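What follows is chain A paired twice: with chain B in the first complex and chain C in the second.
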Partner chain A sequence: MVLADIGYGVLLLTLAAAAWATVAAVFGAWKRRPELVASARSALLVTAGLSTLSAILLLILLFSHAFEVRYVYEHVATFLKPAYVLAAFWAGLEGSQLLWLWMLAVFTGMLVWRKPTWDRELRPWAMAALALTQAFFAFLLIMLTNPYELLPSVPAEGVSLNPLLQNFWMIIHPPIIFAAYALWTIPAAYAFAALVTGRLDAGWLRGTRRWTLAAWASLGIGILVGAWWAYLELGWGGYWGWDPVENSSLIPFLVGTAFVHSAIIQDRRDMFRAWNVFLATLTFVLTIFATFVTRSGLIQSVHAFAQSPIGYYYLGYMLLVLAATIGLMLARRRDLQGEGQLGDLLSREFIFLITNLLLLGSAAAVLLGTLWPTFTEAVRGVASSLGPENYNRFMGPLGLLLVLLIGICPLIDWRKISSQQLLKSMWIQVVVAVITAVLLIVFGVREMWAVVSFAVTAFVATTIVLQLAQGIMARMRAANENVLKATAQAVANNRRRYGGQIIHFSILLIVIGITGSQAYQSEVQVALATGETVDVGGYTLAYEDYTFQQVEEDGNKALNEAVLDVYRGDRKVTTIRPQRNLHSSVQGAVTEVALRSNLKEDLYVVLASLEADGLAAFQVLINPMVIWLWIGGIVLIFGTLIAGWPPRKRGR
Partner chain B sequence: MSSTMKFIIGGVVVVAVIGILIATSFSGSTSDYLTIAEVIALEPDQARDSRVAGEIVPNSIEWSTRDLHLTFTIEDETGTLPISYHGPQPDMLVDAVEAVVVGKYDPAAQAFEAEELLMKCPSKYEEEE
Partner chain C sequence: MGIAVFFVLTLVVAGIIAYPLLPGRAAKQSVPAVTDRDIDRAVDNLRRGRSRGGHFCPACGRTYQAEDLFCVRCGHALPGDKVISTGPACPSCGAEIHKGDQFCAKCGHRTGAGEAA
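Take a look at the complex of A and B:
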């Protein structure tokens, strides 16, 4: 087929352009030849265009059901809904690799489109790193994961998309995650450029700050969207199972969070230079670690990943990047000495250091847990696997400490604060936290860790509110403004600070969601005939009707559905329809959960089986406060937009 | 004491606390991957869960909608193992699929009481989470 051949040809051209951009950028920067750097820039704009063309070609092939292309055959079918044809683009290894390259090339194109300003010296080296990474991806696509590979004959029908991936959130989850991975390449490329040029002051951090923020927020949102998909589609009632696939996106998020915070220290106090260069690189390396882990067969996962040598290419690239970074850091060790002086132990600097250690410690622990079966098999011959309770045991305390520090850090000055001053500035928070804890215990909360978690959340929320109130009142007094105007002005004049506070507040909402759903999940498993009812956690579910093996999608889907009316007392609140369907593309049934959410709790119903006479088995779960996770995600986006919004032009 | 020294000591203490927390989290309640012969030979007082992987023996799956009770048999090179599980059937549970079961072997019933069932996706799909 012509289009597939063109697609492959475009990939070859992309590789050629990216390779040229790498060479031209390096020599242009090294030999101070601006015309070579300009040529590298043009080549990078070309790779952005070419990879966009590749993506469009794959989309055309998918939508036109060109089953002679293996990737199309394996991921779509004529009966597949168009929205899921889009999801099929990134449902497999080949398509997701192309998505990654495309994202990286487009972001690189956006970066080089503008003429260099602060980064005149760093830009060529950053371009070289970005171009090399693009060349690496293009090479893998050509050699190992060609999405345009043809089958020897043309099948009449495709296999279709895995029904588990046929979900709205699976349409948007992979693009967000790969956008995040691609965005993390940019701070890492500038860290490399800073090392090569020796310009290791905070310039590279300030200049890439908005890219870093976008990368950080995209990764966080991508993880939340993945959790939401798992919650809706996998039907076990949870949103996070500490599976290696989940862990491998959480690890770069934790390290990236450490980087975002230690970057602030270098910006303000010129400390942690080496640390920041290393963390930026490490976050990037960890984004490609995920692919290595899942494809190398190194770890045992329930996800039956097709093993592919691609994992070892990733390992090679990771080692290359780390070795180059460490080598350059050793060569630049003098320039990595910052000007800043350490303060007292009771100082904001030290709190930031603890924050960093906690984040990196938890990242290391999650990494170790993910590789635990591999380690234990190597050491004692028997592979041992961690359960969620193992992860919760360290992640719970470390997470709560981190959250507590969000509430303490703004109260502590740079350099030094006396313990009396600190106590004086946080007594209100302590009182609020204690009252929260007492109230929870009085109202019958018995899980101590949940009480602690909510008390810590109350402490931190109080700090955030007090800080905001102080800022607004200071403005109201100084500028004689009303509350609304003062709030808008205070936020507008200090977007970084208030954006950061809003993001911290979103983390509190997520903590509330996690705590509530972990502490109070309740479950009932029941078999019902039509007309029967069951009472669960204040709800009455009346099993009204069912549909047994109704044929859909041209005979490729058999729908099994139960219809339940949900009552609160005598009042009918809603009707829900859990499903358990058969698909021609997979063996066995696939669950579609029925959900009713409100701010207090989710009613989560799984149809466990349905017989021809209507006898049905249900698993009914009450998951408290899960919705706060998703609300937290929305607030996180809002906070990031405020923190990253370009300042008004005022010649800073 | 210089502030650098203070920072180093403070940092070391924090790292030590994190390390101890992680080390204690990793001990206990982990589950070993065992073969069927190994899990049957295990001492009955073994308190920890085990993980056993095996292929589902064709025509062995039995499910009772009334009690939400599932039984099936898995086999590996070392033997066969009857599995008993209370709860909803997992997705894609079919003959000849590779299953991982987590739970304990009950010598009296000569069956494995599973708390968790994981099906390895049978098709060529790769999960892209």
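Take a look at the complex of A and C:
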């Protein structure tokens, strides 16, 4: 097959160009040879083009059902819908790595396209780090996971995509996650460049700030989209199961969050230089770890389909990056001393430090929990994994403490504040929190941790609103503007601050969603014959009709569907259709959840079984406030856009 | 067919990468001959120099104070008339000698053996 051969050849060229870019950038920067650095830049633009070409070639092979290519055979079938053919691109190890490489090469291309400005000196070294990472992925693709590998004969039909992955959110989830991983490479590459050149002031942080923000937000959104997929497709009524694959993307998110915050401290107070360099690198290494966990089969989980010796290469690269960073940090230890000193225990710096430690502590705890089965298997010979309750026990309190700090931090000044001043500035919040708690208890909320969680949320929300109001009122008074104009101006003049506050607000929405759904999930399991009804949480479900094993035209899927009318009192609200379909490709049933959401709660119905005579078993869940998670995600995007939007160019 | 495409692609890639290396194609995206770090250091030296009198050793560039005779880094004899006062001068190095000094404060030459007050 010509296209597959060309695809493989393109990968070879990508590796060659990336390897050359690494060498040329290093020598060019070291020996001050501009023409070598320029050649490295051209090579990186070439890898962006070549990896795009190889992605296009794989897409062509997938869409043309070229089953002689193993990857196409394993992930596509003639009856697969086109949208899912697209999803097949990143459904397996080979395609995922190609996606990683492609994203990284495109972002690198965008970075080097522009002439260097603030980063004249750092750029060549950052290019070297980015090129080396590209070479690493190109090498893996060529040596171990060639997506263009041919089968000895041409099968008539493909295996098709895992039905669990046949979901809209699985089309967009992997690209967002891999984009985030690739974006995190850029701050890490500049951290490396800062270490090599010794320019460890806040310059590299300011220069890469928008890349970092984009990386952080994409990772957050990617995780939420993954949770939404799990909620819709896995059919157990939850969105987060502390599955190793979910954890593996949460860990870099937590460390990256620590980095985003400590970067602010270095920017403002020239502290935490070493800490920032290390966190940027660690986040990148953890994204590699996440890819490794997902794809190596190190820890078995619903996602970890593949087993491959590739893990050793990942481990090797992670160790190489960490060792190089730590070695350089030791060599640069004098430059890593910042000017700033940690002030009083009641200073904003100190609260940031605590936030950092909490985030890293929780990341370490999740990492340990994720690796626990591997440890126990190594030590005792039997893998024992930790259930969600283990995670919830420590992540719940840690998370709440972190959220509380969001509300306290803005009240504390840099360097020092007296405890009287602090108490004076937060009495309103305390009052609001106490009133919230009392009201909740009066209205019959008995789960103490839910009361605490909502009270903390109220506290923090009050801080955010008060801070915003102060800014706006100050403008209204000073510039004599009306509310709308004052708001717009205040936000426009300090995007970083207000963008950050909006992101914090989105975190509160997510906390509300988590608390509500954890505290008040109610579940009913019921078997019904057609015509029967069941009352659940204020809804009446009437089982009207069913479809039993109706084989679809392509002969690949047998549809099992129940039709339920949903009543609220006497009023019919909607009709829902939970499914439990038999897919020939997995020889098993895959549930499609029926969902009805509003701001208060989700009605979540799973068809557990269906008999030929229509007798059906349903699992009906009422999940309160889940929708606030997704609303929080949208607000998070909005806040990030505000925080990262380029500043207005000042007129001459 | 596949080989031909691969061959052409290789040539194109090699061409793009090698282009900046051609003689006379001095790259526009240069590595600075003077880095920001060098500039910082120079500024730092200037600042330090100002506070010390703004004198630089003609040999190595190190700052010195007005009354210094030799550069503390390279040992170069520093220019300028070091004898600021009109009082007695050391016969060996020319530095000022205060009344009652037994030895020159700058070079250690015995100057006033019998002059003790």
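Following the convention adopted for this analysis, the second predicted complex is superposed on the first by the 633 of 652 C-alpha atoms of A that agree within 3 Å, B and C clash if a C-alpha of one lies under 4 Å from a C-alpha of the other, contacts with A are read in each partner's own complex, and residues count from 1 in each chain.
In this section, a residue touches a chain if its C-beta (ideal position, glycine included) is under 8 Å from a C-beta of that chain, and two chains touch if they have at least 3 such contacts.
These numbers come from a predicted model, not from an experiment.
Overlay on chain A: chain B and chain C fit together in the combined arrangement.
Look at A:151: by the touch rule set out above, it reaches neither chain B nor chain C.
In the superposition on chain A, A:46 makes contact with chain C only, not with chain B.
Once the two complexes are overlaid on the shared chain, A:476 sits clear of chain B and of chain C alike. Remark: in the superposition on chain A the angle formed at chain A by the CA centres of chain B and chain C amounts to 130 degrees, rounded in steps of 10. Residue by residue along chain A, chain B and chain C are tallied for touches, and B comes out ahead. Of the two partner chains, chain B is the only one touched by A:246; chain C is not.
By the document's definition of touching, neither partner reaches A:439: not chain B, not chain C. Of the two partner chains placed by superposition, A:641 touches none, neither chain B nor chain C. Figure legend note: chain B and chain C, brought together by superposition on chain A, show a least Cα distance of 28 Å. Residue ranges of chain B in contact with chain A, taken from their complex: 3-4, 6-7, 10-11, 14-15, 18-19, 21-22, 24-26, 29-34, 49, 51, 63, 65-68, 86-89, 91-94, 97-98, 100, 102, 118-129. On the side of chain C, the complex with chain A involves touching residues 1-3, 5-6, 9-10, 13, 16-21, 25-33, 35-37.
In the complex of the two chains, the chain A residues touching chain C come out as 2, 5-6, 9-10, 13, 16-17, 20, 28-29, 32-39, 41-43, 45-46, 50, 115-116, 120-121, 124, 197-199.
For chain A in complex with chain B, the touching residues are 74, 90-93, 96, 159, 162, 164-165, 173-174, 226, 229-230, 234-235, 243, 245-246, 249, 300, 302-306, 341-345, 350, 353-354, 357-358, 361-362, 364-365, 368-369, 372-373, 376-377, 382-387, 389-391, 393-394, 397-398, 525-527, 585-591, 606, 608-611, 615-617, 619.
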